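Next up, some structures in structure tokens.
Below, chain A partners chain B and then partners chain C, in two separate complexes.
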Partner chain A sequence: MIFQIILLIMLAYVVGFIYFGLYRNILARIQGRYGPTIYQSFYDSIKLFSKKNTVNYGWMFYLGPIIMATGAVLTLILVPVFSDSDFLRSATSQGNLFVLLYLMVLGPLGNALAVGTGGNPFGVMGVVRGLTRLIGLELPFYIAVVGLIIAANSSDIVHIIDMQKTGGLNIINHPLLFIAAMISMVGFFGESPFDIPGAPQEVYSGPRTEFSGKFLALLMSQGSLFAFAKLVLIIDLFLGGADSLWMLVLKTLAIFVTIIFIGVVYGRYKVEQAVDFLMKIPTLIALLGLARVIWFG
Partner chain B sequence: MNSIFLLLNILPILFLYQFGGDLHVSFSLTKDFTLSLIQTPLGTFFAYLSLISFLLVTVSQKSKKLSCNYYALQLLLSFAMLIIVLAGDFITFFIGWEIMTWSSYFIISKSNNIDIKSLQKYILFSLASAFSLIAAIVISYSFANSFDFATISASFKSMPFDIQLTLIILFSLSFFTKAGVIGLHYWVVDTYSKAPDLFSSILSAVMSKMGIYGLFLIYGNIVGYQELKIMFGTILNGTDFGYTLAWIGVATSIIATFKAITQDEVKRLLAYSSIAQLGYIIAVIGFGTTYGVAGALYHTLIHTIIKLLLFINVAAIIAQTGKNRFSELGGLIYRTPVSFVMLLIGIIGLAGMPPLGGFASKFMMYNAAINTKFALILIGMLFSGAASFLYCYKLVYGIYLGHPTSKGLETQKEVPLSYLIPQIILALLLVLTGAFPGAFVKVINPILTQFSLKALPYDGVGIMDSAVGNFNGLFIMSAFVAFFVLILLLISRIKSKAKNNINRFDISYCGEVPSKDTSLHYGFGFGTELHRIKFVNAILKRSTATFYDALALQTKRSSELLSRMYYGNIHNTMIIILLFFSALFFIGVNS
Partner chain C sequence: MESGFHGSDLDSSLKCKLEESGMANTHAIMEKAVNWFRSRSIFVVAYGTGCGAIEMPPTFTSRYDAERMGVVGVATPRQADLIILSGYLAYKTLRRVIRTYEQMQRPKYVITLGSCPINGGMYWDSYNTIKKLDDYIPVDVYVTGCMPRPESVIEGFVLLQERIKNGEKAGWQKYDENLKFYKDNQKRVLGGHIDPSYETDWYNLENGGVA
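On to the complex of A and B.
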């Protein structure tokens, strides 16, 4: 079990960083630049681990990024990676979808505590923007997830994957729910138009303003683990999971690239605009999908 | 003084532990009226909950120099609640209810910052609750010829439907007022925020739960969940009745959550949060399914623990600093570190995040909603939970993080030990309920049997099991601790020189150096951006105060009108009153 967990973390770490490098490349090409090498984020993180911190704001500032990393690792090990084999799935039976939904906010809470301790008002503004955005962001996502849970009559992710083997993929059965969840996912990945918390030119880099050295490196590493976990969760819920490593890469990449493409096209919303938008169109789409689940199964 | 009353608070717990089980005492007043105390599993649960809460609050009252009659009133209140939860008939119940109302009224009136308007609000709403209760009791007596719970329950089925409905509405209104359902919550916020600081914890954690006990008593015992199903029919996989009640609960929860975020006074935020959390309980209490009842009971327990913890914590800070607003506090984390950690545990529980007990109770309630296929209710609960992260963060940030905003905060000392001991016990309870969510199943199951519902499956002390998903609290807790320690060790191995921040103004601030006059504490700003969101603003700009103020104004006007009828001659007025009542009497006799 411990071996599998370590392997899973390593896999997520590598894939997450490569995806992030890919993201920087795609962004650069769209903007007419060459961009860094695909491993640049990896180098950055290793370099940052050896850099000194600018300042230290006491023990809560120290523990915050660690809580965030713990939240990301915990989320990761509870998501079933492969649909057919029990490989890398050692801990998934201990949790369910609700545990994941709430674990996904535990990490950011740890970070928010460290940011608050740092005392930088821009960092806290970023956190508050993020939490306010969450009100809007979670709504379509929750409706989509609840729709799937009601359809499967279970909050167990493995059960939802198994349902799709016989009953067809959820993306085909519940397309409206998928669209709503994807719109939320754009926000969860911090992409435009919902990149409000860490908005550059507005609040420095938001919650990350005061972090440097190994803490920034830790935040980057957990970010890649967390991104991988979120991608795998989406393909588990809607695309029937992945039966091999290649399918895993293919499916997660497809989702990731879609999210990036949406992100690069749009400008940034203000926080109230984002919540207003999310409470209207995506929520409506999700509710239609939910109505379909409840009345037509 | 404190230690005597501490002992007096322990005694009923020991008594209940020693002689409890199937306590059945009755005492006949006249031939027809018998006062009786009957111990049920439900009553026992609420009895222990309130007694232990009182004990913990009394411990924390040690550093306050309180008078003897304050303690006596508090003891009386505890006694009244014990009567309520052990009552076997409505007369005993009502006596307990009344003692509870006025003893708490006197305690609240002893507060330093109470004003006459808030007191009037409290007593008026308590009276309204009591009148609604007594009306329901009298109506049920006229049909059952008895005040006994068992007799009324037996004869309830033979009552006409409109009487049944009236009874349910009257009882519900009475208990909704105590629990603070939105619309009837007008008294809650003022009372909680202006009551003595430590007594607010009793109000929120225990007294509001008497409303929940009453609802359980009516829906589960008197009417019976099976009878509710027959009376109102079904929708999706649940009952119409449960669905209606669930919407009331969810609306309460969402509205109160948004209201909580915009509060500047610490205790007002907690009061709104209390309303919101009770909204969850009311949302699932009417389902009439195993998971619904179990979720409501579990959340009752968790909410009691959390609100005791938070209110004691805040009371300690207010006592220590003399400040009770977010805009006056801040930056206390390294001054009062233990308090900070306790509050942190409290808000993680309040937000319902996994390693702690808050998650287990929410999970149970969500399961109940899945089980009945009430999807919108489930989304409403999840949504209100997501919004509650904002006020949870505001609570911890406004008090402990950021920058100090008033003089004296930078030299503050840790709060006295008497405040910390109950907090540490409660925080441990939260950790334990998080790691061993299955342990509570054994407490719930007898209550489920009492309501003739199916028992919960028990799969071990760490596992919370249900038909639609399960989780292992012990695994998640130990994995969390393990990964946390592991990452901490790894990170601390990386030696990197860091300048210890000596000056708190040493932050990146647009290339400038902030001075002492720069306002850096963001505590004021929280929640203002919510006004710019249309949907949220629609909630925030409305208030029940407008309705009740208008009602008060109309009552005043009509009484002025009435007083004009009195024109100085008492005889004529008396004759008019006599004629009016005789007319009423004849109408009553003829119909």
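On to the complex of A and C.
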């Protein structure tokens, strides 16, 4: 079991970082540049892990990246990776969708505590922006997930995957819920128009401003792990999971590229605009989808 | 064993352990590998002083695209490996530059653009600019020209990457070894203390800013 968890973390680390390299490449091509190599994020990560750390803000500050990494790893090991085999699914039976939804916000909350301790004004501003945005992001995503739970009559992800094998994919049966969840996912991935917490021209690096060296590397690594976990969660919930490694890469890549393309096209919302939009349009779509599930099944 | 890689950044306790178990070679190989990764990933804080600041946007954006070599701009000195000083430095600017440089985490490097940081350039007889930056903070690569084109700046990056890859002694090691020399020079032009102090409480500036 431990071996499988370590293997899963390694897989997520590699796939997540390669996807992030791909993201930087696609962004560069859209901007008319060559862009870095696809492995650039590995280079950055190894370099940052080998840097010295000479600043100290007390232990609470450095607990932030560790809490975030804990949230990411726990999310990762609770999501079933393959739909047919029990491989890499060792801890899935220990939790259901409710636990996952809780764990997805564990990281931001832990980070908020840490950055608040650090006291950097830009960090605090970034965290306040992030938590404000989270109110808007969670609502449509939670409603979409509740819709799926009602439709499948179970909060077990494995059961939701199995339902889709016989009853058709959720993306076709519940398109409204899928659209709402995808709009939320654009925000969870930190893409435009919802990239307000770390907005480079406004609050510098936002919550990451004071983190350096190993802790920044830890933040980057947990980001790649968490990105992979979120992609797998989306394909489990809506695209019927993946039965092989190729299918996993294909489906997650499709979702990821969709999110990137949405991100590069739009500009950035202001904080209140983002929350306003998220509370109105995707929430309304999700509620319509929920109503459809309740009355028409 | 003399590995030739000065100022190793790998954990010294790890080095001791490796040497105890007769694996000093392993350490040298790891150091070489880490140096390669370091040379491929350079985070830059671009401190725009003087005229050279205008050369940096084209270097980092679509036209010359420094990101293809792993050179990326970051927003804070905490995350940066390299500071680019792009021209003459007034005494007033020097304070901020020293503060920024000292906030950067080791290993760190300095690139300067133009002739002013070398010998004062056209400000050679100015009353309020420094003449030779190397007296105050250690400079790794001078990119000369008035002003250097983005091609020259990129050549400076490539030179720095070569030096990092070969594990050559860098400026920050000289700064650590000759701290008294640099601090004396800084005090000579900036006075006794360099304000704001490191303990500044930004939320209570009216109380003197003491945390």
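Just so we're on the same page, the second predicted complex is superposed on the first by the 296 of 297 C-alpha atoms of A that agree within 3 Å, B and C clash if a C-alpha of one lies under 4 Å from a C-alpha of the other, contacts with A are read in each partner's own complex, and residues count from 1 in each chain.
FYI, contacts are C-beta pairs under 8 Å (C-beta built on N, C-alpha and C of every residue); 3 or more make two chains touch, one makes a residue touch a chain.
In this text, all values refer to a predicted model and were calculated from it rather than measured experimentally.
Touch criterion met: A:L106 reaches chain B, while chain C stays clear of it.
Applying the stated contact rule after C-alpha superposition, one finds that A:L139 touches chain B and leaves chain C untouched.
In the superposition on chain A, A:P121 contacts both chain B and chain C. Residue by residue along chain A, chain B and chain C are tallied for touches, and B comes out ahead.
After overlaying the two complexes on the shared chain, residue contacts for A:G213 are found with chain B and with chain C alike. When both complexes are overlaid on chain A, the residue A:D162 reaches neither chain B nor chain C. Contacts of A:E202 after superposition on the shared chain: neither chain B nor chain C is touched. Shared contact residues of chain A with chain B and chain C: 50-55, 119, 121-122, 204, 209-210, 213. Of all residues in chain A, those touching chain B in their complex are 49-58, 60, 63, 65-67, 69-70, 73-74, 77, 91, 93-99, 101-103, 105-106, 109, 112-113, 116-122, 124-125, 127-129, 131-132, 134-136, 138-139, 142-143, 146-147, 149-150, 153-156, 159, 204, 209-210, 213-214, 218, 271-272, 275-276, 279, 290, 293-294.
For chain C in complex with chain A, the touching residues are 9-10, 34, 37-38, 40-41, 43, 61-62, 65, 67-70, 72, 74-76, 78-79, 81, 103, 105-107, 202-203. Of all residues in chain B, only 236, 331, 333-334, 340, 344, 348, 351-355, 359, 362-363, 366-367, 370, 373, 375-376, 378-379, 382-383, 386-387, 389-390, 393, 396-397, 400-403, 468-472, 475-476, 479-480, 483-484, 487-488, 491, 494, 496-501, 504, 506-509, 520-522, 525-526, 529-530, 532-536 touch chain A in the complex they form. For chain A in complex with chain C, the residues that touch the partner chain are 24, 28, 31-37, 40, 43-44, 46-47, 50-55, 119, 121-122, 200, 204-205, 208-213, 216.
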